[in-house]
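What follows is a pair of complexes built around chain A, which joins chain B in one and chain C in the other.
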Partner chain A sequence: MGIINFLVYLAIMMAIYGILSLSLNLQYGFTGLANFGQVGFFCLGAYTSTTIVLVFKLPFILGLLGGMLASTLFGYIIAIPTADLKEDYWAIVTLAAAEIIRIFFLNESWVVGGGPYVGGAFGVGGIPQPLRSLFSAYTYPFFYLGIALLCLLVAYLVINSVTRSPFGRVIKSIREGDNLAQAMGKDIRKFRIKVMALGGAFGGLAGCLWAHYHGFISPEQFLPLETFLVWAMVIVGGKGNNKGAILGAVIIMAFYNSTRFLKDYIPIEEVTLASLRMVVIGVLIVAAMLFMKEGLIKEKKTIY
Partner chain B sequence: MLRVENLYKSFGGIMALCDVSFRVEPKTITGLIGPNGSGKSTLFNVISGFYKKDKGDIYFEGQKIEALQPFSIALMGIGRTFQISEAPQKMTVMENLLLAPKDQIGEKIVNVFLHPSKIREQNEKDLQKAYEILKLVQLHDLRNEYSGNLSGGQKKLLSLGRILMFDPSLLLLDEPTAGVNPTLIKDLVIAIKKLRDEREKTILLVEHNMKVISEICDKVIVLNFGKKIAEGTPEEIQENEAVLEAYLSGSARQRGANGNS
Partner chain C sequence: MSFTQIIINSIVRASELALLSLGLTIVYDILGFANFAHTEFAVVGVYLALFLNVSLGLGIVPAAIIASVLTGIIAIFIDRGVFKKMRSSGGIIVMVTSLGVAIALRNTVRAIWGASARNYSVALEKPIITPYFRITPLQIWIIVIGLAAMFLFHLLLHYTKLGKAMRAVSDDPELAQASGIATESIITYVWFIAIGFASVGGILIGMETYILPYMGFAIIVPVFCATIMGGIGNPYGAMLGALVLGFAENFGLYINFGQVLGIEKIFHISKGLFIPTGYKPAISFVILILVLLVRPRGILGKKKAG
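Let's turn to the complex of A and B:
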């Protein structure tokens, strides 16, 4: 793989995970909702968009919107019965919800329609890439990087406007407990549900981008491990800071992919190296928690 | 204004409130006193909906409120502060005040994108009000400090400032002067009186400082072991046998527990 190709691939991954990280930061960094099922949004977005584009032969943009809508609804629905739960219970419920999504797609192959695709455990292949015919094999990744960056920009602008608004003030006030916001007449259930819905929308968007870039998705790409990768991004980058969330995605993705090159320098089997990736991420999380509690970029203070 | 009738609340075997009834008249300041553990804070928590009552009724301006969520009770016009002040680690003093106003259009996500100028306008108005209140509670210079970094007394002042921003018709103040320095207590007493006299607010407050109680309260309610043992003007209360008994026996017991101090 040429170095340029690799860098473009890496940048696309950074952009996609940047969106996931922004979404988790809205939920955890600003609202204190410990979502351990972030990958559920990712998975649902990917499968919904794939179904819309591949089976129903609709344009990419509708797949994208459909994927976002599905994850938004999913976020909304899981938040309704759980909005009153405390942080640790919330984590368990969301972890389980994401697994339900994954196992659903593991067991259902109705996605296949009539084509040459197989669903279920075999995954779905041949997912069309948007406007692929207009580009050569070499230039297409650059175009896709453009789409991914545009989506990242939209995610950043939307989430940043929301967190800086009076809505953002309320969710920050419920981050450490319910009492204050309730005493100030805020319906905290509603705020939590809205945060999950908005977080879901962008989690789903990241899933769509992932599916149409790789052209192949399968349930094993959406294991809970992915969620913790995104957590590492928020913790290392700086929770409660949207720029930090993106920076975290850039750093974690760089580390995560660095082991590809280490095999040339370190005499360890490739399989072992691949597993070592997660060790590296784990060390980064621990280091950030010990020495940089607020992450690389601290939460921004609003000055009056 | 507020009517509490035969209220009961227990935690396991502890009867925190036992057959408590009283009224709070509009535009008055009512003091709630009693030894530690007598049920004052529990009473606040039940009135504001944070705890569910076991038995009894609570009426606010003629409406039953005990089944409502805390936030709806707050929106009806009952604002409260907490004994241990709520002060988020990563919100500045000013943000705390700006959180309080009701009906903020910017609390809806769509409005953030559809009506940014209206949000700014509203924010500007709230800011003006917040600056005035900050001067009153003497936190003006600390407006950009994270509320989590404030001292205990400053957090009390912040709670008071926040509830003034929230602007309810009935204020439940839980030990508003605890940990506040004596000079500032005098200012607070004046400010609380002004709320009643000039802005026609009704206030129910828990307070241990008897000087404050006798200076500002129109009526005092005394709780002991979850029961109301006396009600009357500050002068009447200070001469009430049952009250003296409750406080003195309490302090005598404490002395016993602490050895010979």
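Let's turn to the complex of A and C:
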């Protein structure tokens, strides 16, 4: 793989994980909802979009919207039974819910209208890439990077405007404890549900982008590991700050992908390298929580 | 599978879950956070026992005991290095940190011992076969150890100074400290006991099935579910939760829901409506959601002061 190709690939991954990180930042950084199942949104978005485009032969843009809609609904549904509960329950419920999504796509497969086989443990291949025929194999990644960056920009603008709005002030007060928001007469439950739905929409968007870039998805790709990566991004980058969330995605993705080449220089097994990489991610989370609570870019303190 | 066989399997599973849930619930009670690294500590114990048993050739019993003690000590060290610095932080902060600890622990194990399935070197023992059920000597041991652990824990909580101090810290940490209870040393014991029990539970699961770095994650949902069902912070609740969950996981697959719901005739389902085996991990999740909806404090949940 040439260096340019690798950099474009890396930039696309940074953009996709940047969206995931922004979504988690909205949930955890701003609202205090510890979603340990962020990968569930990612997975659902990827599979929904794939099904729409591959099986129903509909255009990419409808797949994108469908994937976002499915994840939005999922965020909404997951939030309903848990919205009244303490945040610790939130963590285990979301973690389990993401596993259920994965187990569902691991066990189920379907054929619609004589279309190709979708699902199961073998995954789904041949996912069409949008406007592929207009580009050469060399220029296409640049085009896709454009799409991914555009989506990242949209996610950033939407989430940024939400967190700056009166809605954003309410969710921040919820994060600091229910009492103030309750005293102001706000229905905390509704705010939490809305945050999960919006976070789901962007988590789903990231999943769609991932599926149509790689052209192949399988339940193996949506292990809890992905959730932990996104957590490292938010915590290292700076929770409660959208620029920080993107910076975190850039740093963690650069680290995660560039260490792959280490095995060309030092004799180390693939499994060992992959494990050591995750040890570093875990230690980074712990170290950031201990010594750098605010992350690299601190949350702006605004006096209203 | 016969009815009695499912009951046996359920009790075995419940004993394993109880050993793990017990520790999770007391750490939550005394330290005030949901420890997502709990089952990963158990995996550390599982692999230490593997090292002692397979690489050093120790018998499985001494290997399990030494490994569990060592794991308890590792937990104390990690508490000193990480969690102790966060005593005044909110539960969410510590919980997220425990996630980081969990990732680091699991992958350290994977880096050292690899990702493939392993087994302890234990002689295969002939199962005892009766007309109604079959049970292996190991399964009998699992039940005995589970019951013994619960009984020991009960004695500890009610008949020792340490247990009384633990209950005092659980009821009101500030009052306990003001009364001259050394909270920090209680916390040290709590980690040792909680993670030691978890390690024993993990090793028993590893002996009954096989050993994988991923096994900690595979049991985190049932363990949390049993703990929440029993009411977080309540050790007896955790035991009861483990029992309910053990039965639910095993009976869940054999219940014909078509018959139970009475929809068999309406939809003409001739083969019956069962939960597919692939969805077994989903059972504990569904129960978790139901418990949270109906009784968020759990079956035996207690009211926390404040």
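Throughout what follows, the second predicted complex is superposed on the first by the 295 of 304 C-alpha atoms of A that agree within 3 Å, B and C clash if a C-alpha of one lies under 4 Å from a C-alpha of the other, contacts with A are read in each partner's own complex, and residues count from 1 in each chain.
Following the convention adopted for this analysis, a contact is a pair of C-beta atoms (placed from the backbone, for glycine too) under 8 Å apart; a residue touches a chain by one contact, two chains touch by 3 or more.
Here the structure is a predicted model, which means the values were calculated and not measured.
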Legend entry - chain B versus chain C, judged by how many residues of chain A each one touches: C
Inset, instruction - Classify the contacts of A:184 with the two partner chains as first (chain B alone), second (chain C alone), both, or neither. - result: first
Inset, instruction - Would you check which partner chain A:302 touches, where first means chain B only, second means chain C only, and both and neither mean what they say? - result: first
Inset, instruction - Tell me which partner A:285 touches in the superposition: chain B (first), chain C (second), both or neither. - result: second
Inset, instruction - Figure out whether A:36 sits in contact with chain B (first) or chain C (second), or with both, or with neither. - result: second
Legend entry - Overlap of the chain B and chain C footprints on chain A, listed as residue numbers: none
Inset, instruction - Would you tell me which residues of chain C are touching chain A in their complex? - result: 33-34, 36, 82, 85-86, 91-93, 95-97, 99-108, 110-111, 114-115, 213, 217, 220-221, 224-225, 228, 276, 278-279, 281-282, 284-285, 288-289, 292-293, 296
Inset, instruction - Report the residues of chain A in contact with chain B in the complex, numbered from low to high. - result: 158, 161-162, 165-167, 169-170, 172-173, 175-177, 179-188, 194, 198, 240, 299, 301-304
Legend entry - In the complex, chain B residues that touch chain A: 48, 50, 69-72, 74-75, 79-82, 86, 88-92, 94-96, 98-100, 102, 104-109, 112-113, 119, 123, 127, 143-144, 146, 162, 166
Inset, instruction - Spell out the part of chain A that touches chain C in their complex, as residue ranges. - result: 28, 32, 34, 36, 81-82, 84-85, 87-89, 91-93, 95-97, 99-100, 103, 106-107, 224, 228, 231-232, 235, 271-272, 275-279, 281-286, 289-290, 293
